[in-house]
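In what comes next, chain A is part of two complexes: it sits with chain B in the first one and with chain C in the second one.
And now, the complex of A and B:
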């Protein structure tokens, strides 16, 4: 198998700067790749149908698998009889939980799930058995012939009830005697003197918030193919964001030497955090292939994608926020209950993130949070774009709006006053380097015409602002080790071509292109002379995966290091030829050029050949590991630490129909400090996609389950893309990206993340805009017409006629 | 298995399929034309969109027998032998394809639009793409690409 990129762009890869494509960045010239709008290395492959995703692969003799799923939210498995299924013509293999008894979990401290349930099922949809058959129809028919006897158990759907349960049977076995088996994790952390901070406060806002769960809904359903060869090697193709972690877990659970496991990650059709841990199908295709000796494919139905979930946790939050009369924060106290669903997933980290990631971009002299993650009998929650910090950010930015209102301070000005600054530490001791948040605020204030709109638009229309921060990767890997987080290998061919062997996961964010841009920039190679061979654990160095917005920062640095090693060799060889100094040799535009002497030059191919003659076969590796002094000195202080933080501000403009409660978002202005935009088109794409997804959560999306009154308790309410409503082109507001570059001292060319941070402020900006429009606070998501309508009714008996505070159209003191 | 005959991207093709197969299943699993994608298998997402007799249709809810005798055009049939269709090229230039999974369907909807309306407004593009869910882009870059392609096709 070759790498996943089958197309390499056209010409030299430069995309013309037109049609709003912003050629923004600092001093980029036509000879530069970095900072300019460029084609993607896989752009044309994706636009012509040539890119082959997992389900596009068919292997000779391939069988099709299906997974039998639990009809009960919580039950003991009394017995499973697979004999009738095995006897069906066309069925080649059946496996159950007993065939794979080793538990696993993406977080090594909470291995609480099995590929297929062993003793208990914990939600409607939990996998119980898997079948491999000659075709999908036969596999589906075989599922009906598997006899499972269940003994139903008490079920928990409300996290508060789950936590309060005085005794078992719990959803999981308690990890220690006397503990509840319905609690994944409790985190209580306090920084500074929180109570004294409230004593100093002139105003205190204390409110409850609820963030409804949402899910990722990548358009590509999960898919995996297993191939066990007779020599003990096992290969799994999978639509995963984490080939390396999958590699480890497959070896452990299947009890195969990791040296005999190969994971191939074809292009992934969207992930957003929803493919960032192992899933049942990956183990099942491997096990079924080991059993049958034939390749086995499982493709989830869309319904199964909803059961697999691992999406945004519902959060029940209470925030208490104190400030002085001039708007300076004095103290923040948060109490959070996370509804985790049936398994831990990343929940240990989510519980920390629910508090740890709130401490910028504003100064917080004192901060306390107390977060508890409950197990419930629903599909497991996990990381979705902006993992664990989107929910508290919603609550906190609405709190800030309330304080601004109480103090009659402009909400943007309030945020400016509390700016934490650059090159500092947060109250929970996280190191912050570059920080362009003030520029982000200035950009959205200018672009949205904020000063003329806030408090000044006619009743029913309003604007709202919010800010946020996010990590550029987690400082520590999921399993403790001292090895690099990202590695890369480059190899130069005599034709002048450079091959990049990258272990990173292309999930649409453009990482395969990013490494090509770095190599093109450093070596002066045209983009169409670069091959990115990626996503195969047999021939690429380890990168930990596409999660926590880590790849541009970490793999970009690794690639820069490798490219500069190669560059030094090429410069050295050419310098010898020219009797010049190595630094006088410039590599650009497909040529080696002599600085100050435009007449001297040679094609890069010749330069590479000189270097190969001098040094032997040309290649280089690069790696990146995180700095180790950037976290907190307390237990849990490593979680939330990142080598750099991005910053974002949004302004949303909305219109509220007071008769129906229908909210229309007309536009979101998105300003994001990405450090440096390596390709401004791709950065803007991440910003717009993030803001879109936040908008969707604000107004439309609800990952919810039926109650007993609605037919069947714990049944997914709407496991389809028709009923779980994600925005179409007609729903989505206009989105304007405003790129801010703070040039991070440690990022590759100054770059930081852009893929997750820009989601956060959409939701509170819309909530605050609704308040500006009609004077009601929306503290529960989503802001659907019934909820907004009820809030309007509650505010003024249905006779809302003006904002709280100033009269319509009047100026507002700032 | 029954034999179905289709005209796809200018080629006469035939293959054996189960009687319940959809056009999408036949294209993908019968003819190896895997460019058209399955995202939901029930007509909700638009990733399976292909062009039949000039109209963008959902191939995942079209029984394959309904496509017999018609002109089927998929994402693989948009480019010429030597170059990508301008819409395809502009998708790349504008960053309109991120994960790329909805892209084949959106391209078919866009080409069908431009074939019947060579100078669409942004609102008309929005309306034409209302049946194609994209989870990555927020749609702005897609509109940019279709507008740029329309401009190129018009010159």
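And now, the complex of A and C:
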């Protein structure tokens, strides 16, 4: 296999699409910074190794911590004796679950975790005790001296078996009497008349799909440092993507006044949803520091990152999809079992998302889903890039391919016919505003030369298409409150330098750069006169965190508001000086200029000084809150509601080696409607990164566990980057990003998300391309060589050679 | 990050000094060259030697040269390729070996195998000696101490059960190095130096069917040199089955070498398969099928089928054993086609 990353700009259609749209912005001046390719503000430091990640920080007198983990998948803790460990020279402190008995959970309705297990352990790797010592080796030695007596309990690894368990002991205490303690959440929702929809259908496809679990594999392992000071103040540095939620939970669990807790987020080396809730190490470093009076650091091993997990849930899915003979959808029915692992994490939301986010970009007259999330004795699942909707999207886009096949309609044409449109409501009452999905389809169709390839390539080679939608943040925050979701503060120095105090989490996606571009655009300040100071709860306003693709939309709007306030002050002061109208004062290129008068101008620094003289110390705040009146009028109808939705289409071209089962993805064309590309290079980077991650899940990744027949049930199959395989650069297909700009009416400059949406279609596009290549449906992930080889063997006794023909029973006419 | 256990590091300047250290320090000392296999194993607590004896200063164990025949030019070859054998110092890095013109010319399977080990960084550190002596690997063995504790340990280290076979008292960890299959196919000879002098051992005789310790190297011995005979008319090829195009250990490793007579018929042919059990397997019965033929398609098919019948992979590696077995004839066929000169098979690997 060869890797060819053509990257942004290599013959893609982004530039014409972008330029074509730029003038549309009503009445606004041309944009100087927004929409242009620019460096990231933190790019050089990261590329040259100067960025200081959490583990690069060493405080004077710092101790090193380690966490003792359970070797049992489900067991009662009978006793813990830490005395031998405490007696070891060099050990300064030991804590157990009883030192932090307050339960927590990222979702306030399901607080089912403790920093360290109190009464029982629920997976191999669950934290039981933590040690702080002079160095890591001493801490590790101390772990061996902690004596824990366990009493093993019945174990559950299959979600169906967990749900079916008639009585306890369950994995958790039932939340209500009569409920199962092995079930996190059940969601049943129905919109329209589903049964009537099937009656109207000319064809119905009904199939089972399985999406194997995968994990995030951030290259930086989780790391945290705790520092408790004499005045009761507790500071935690952490590689987190949610400083605000961590701040809240630290205060609650450690019983410290939140005004005395400070969370600092240093640069993060990858997160992808895997650092979006509190983890044991963050509580442990704080508690151990409170106990010892010295700073304490814990850095996970790679193995511990696999146990912390919170990755993509395995989904067992059955989809029934009806359509008329001209390909119009009539009804969709889904039954989904989610394998949640040992704790709830974001699982309540995941259970809703498994159904709620499927209702665009296609019109569904009737839709029903029934999703159940089970607890199992494995590391907890949670949100991974494309939270909760990547799995159903895989199944549904393969369903559409089957229907297109049954009806002999081109799969792109089928998707076009079912397009839901812009400025509309989905069947589950989500408000859709801007929608560039048709352009996405047109772009991938054109760029991939689809019409000459689909069903026309030689045997073994094929193309597949898929579409998707995703949220740009959620209208409702994780904990109910009326306050803004994002806030920002700007401050101006007499030198002309502007400082941005941002509470948002830079996790590589470019948020620190995004706010700098907005300020540069509005105030005309050169990028190198802007400082972004972010990720410290002591001096930045609250932003809820880097999750659910919310930051560009929400923080971008907050920043725009703040910058425009400041701009109005500067324009006012300069206008007074020039005896002009404020709107005649233009701020651009480091200058204040007078419209229509090329001879009048002054450096921005002077303009800022005039404004400071007129208004006093210069600064501005901005905030953004979501519309709260646009959601479904039913229980759960707020979940999935977003201020805007992004849309994506992919075409994948693959080659299948029928002797070995190896699938080579030669190229993926990615068209994504991001509203407006604030920086097209970063947008293309997100699109490529997303497509890569989806491709990795399609072909390789399997977050799986040993069975009882394989030595030890519930033991992680391979907690290392050697055996948990993610593709190398050599394996990665050529990726072509095609940016589509629909200019959203509510997004900053029309922008929507680009970080998660573009992942979704990768997997079904590859599955559909494999079918086009060899006529075999891959309904279970991953499409690894042994599985593809087995599917080929099963399809035709190993003698597959003809093209396409649905296997018997794969679909039926009504 | 996993911690490396503490040890004393010795850097002898000569082979004799290195052998002395090993003999003097006893089983608590382990020789180390590139360290790409030993270091991760130490971090996993699989080895905790008190002493590491580095070989990196022993210049006598470095370099590759064509030797024998006193530089007599044959068949119009340039002088630097002429000779009767290749002599490869055990400290030669895999990267250097893969790029060496004489190795690529006379023993292409060895160069291909060396070039497919792990990834570029590891090939810059890893040596041919280390690759030949690579510890066997198993899904139940190459894990952290915590993981193995939760498992209850295994036969190869700290336990008394083999989780692969579940019954046997024999360790079936997989021989997972790339180069030995190619070296065996080329009739390579290994030189082991010990306290009482040096001895030569055919590469084919170096390995034993015991996953716990699968080589005949004594604790006090150092593999110093690999010699590959240069045989006119010999062609070879190596194929490696793995899911990624870099980094991964082989799921199946297969080398073929054949000596062709002047009339382009096969005089003798060897196939070696590894990454199945504890040692590489020299396939039997190939000469009976192929000698005198020109590797016509039906001959290739018969050889491939013969290979499949001799190979039964186990679940010692986390990838589908039945599929790995089915790949034996596929990879044999592809390697043999390359020998037969089919241009569509150029390039090793999947």
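Please note the rule applied: the second predicted complex is superposed on the first by the 773 of 814 C-alpha atoms of A that agree within 3 Å, B and C clash if a C-alpha of one lies under 4 Å from a C-alpha of the other, contacts with A are read in each partner's own complex, and residues count from 1 in each chain.
Here, contacts are C-beta pairs under 8 Å (C-beta built on N, C-alpha and C of every residue); 3 or more make two chains touch, one makes a residue touch a chain.
On a predicted model such as this, the values are computed, not experimentally measured, just so you know.
**Student:** Based on the superposed arrangement, let me know which partner A:164 touches: chain B (first), chain C (second), both, or neither?
**Tutor:** In the superposition, A:164 contacts neither chain B nor chain C.
**Student:** Is A:137 in contact with chain B, with chain C, with both, or with neither (first, second, both, neither)?
**Tutor:** A:137: touches chain B and chain C.
**Student:** Should A:301 be classified as contacting the first partner (chain B), the second (chain C), both, or neither?
**Tutor:** Both chain B and chain C are touched by A:301.
**Student:** Which partner does A:186 reach: the first (chain B), the second (chain C), both, or neither?
**Tutor:** neither
**Student:** Given the touch rule stated above, what does A:595 touch, chain B (first), chain C (second), both, or neither?
**Tutor:** Neither partner.
**Student:** Should A:613 be classified as contacting the first partner (chain B), the second (chain C), both, or neither?
**Tutor:** In the superposition, A:613 contacts neither chain B nor chain C.
**Student:** Taking the superposition on A as described, I'd like to know which of chain B and chain C A:270 touches: first, second, both or neither.
**Tutor:** It touches chain B, and chain C stays clear.
**Student:** Check whether chain B or chain C contacts more residues of chain A in the superposed model.
**Tutor:** B
**Student:** For A:684, is the partner it touches chain B (first), chain C (second), both, or none of the two (neither)?
**Tutor:** It touches chain B, and chain C stays clear.
**Student:** Is A:728 touching the first partner chain B, the second partner chain C, both, or neither of them?
**Tutor:** Both: A:728 reaches chain B and chain C.
**Student:** Same chain A residues contacting chain B and chain C, which ones?
**Tutor:** 137, 221, 299, 301-302, 720, 722, 728, 730
**Student:** Given the complex with chain C, which residues does chain A contribute to the contact?
**Tutor:** 1, 69, 71-72, 124, 136-137, 140, 221, 299, 301-303, 657, 659-662, 700, 706, 710-712, 715-720, 722-723, 725, 727-728, 730-731, 784-786, 789-790
**Student:** Chain B touches which residues of chain A in the complex?
**Tutor:** It comes out as residues 9-10, 15-16, 18-21, 37, 39-40, 42-53, 55-56, 58, 137, 216-221, 267-272, 299, 301-302, 507-510, 681-682, 684-685, 688-689, 691-693, 720-722, 726, 728-730, 732, 734-735.
**Student:** Inside the complex, what are the residues of chain C that reach chain A?
**Tutor:** For chain C paired with chain A, touching residues are 1-3, 6, 119, 139-140, 142-144, 146-147, 149-152, 154, 163, 241, 243-249, 315, 318-320, 322-323, 326-327, 330, 350.
**Student:** Mind listing the chain B positions that touch chain A in their complex?
**Tutor:** 18, 28-29, 32-42, 44-45, 47, 74-76, 78-79, 84, 88-89, 91-95, 97-104, 107, 125-127, 129-144, 147-148
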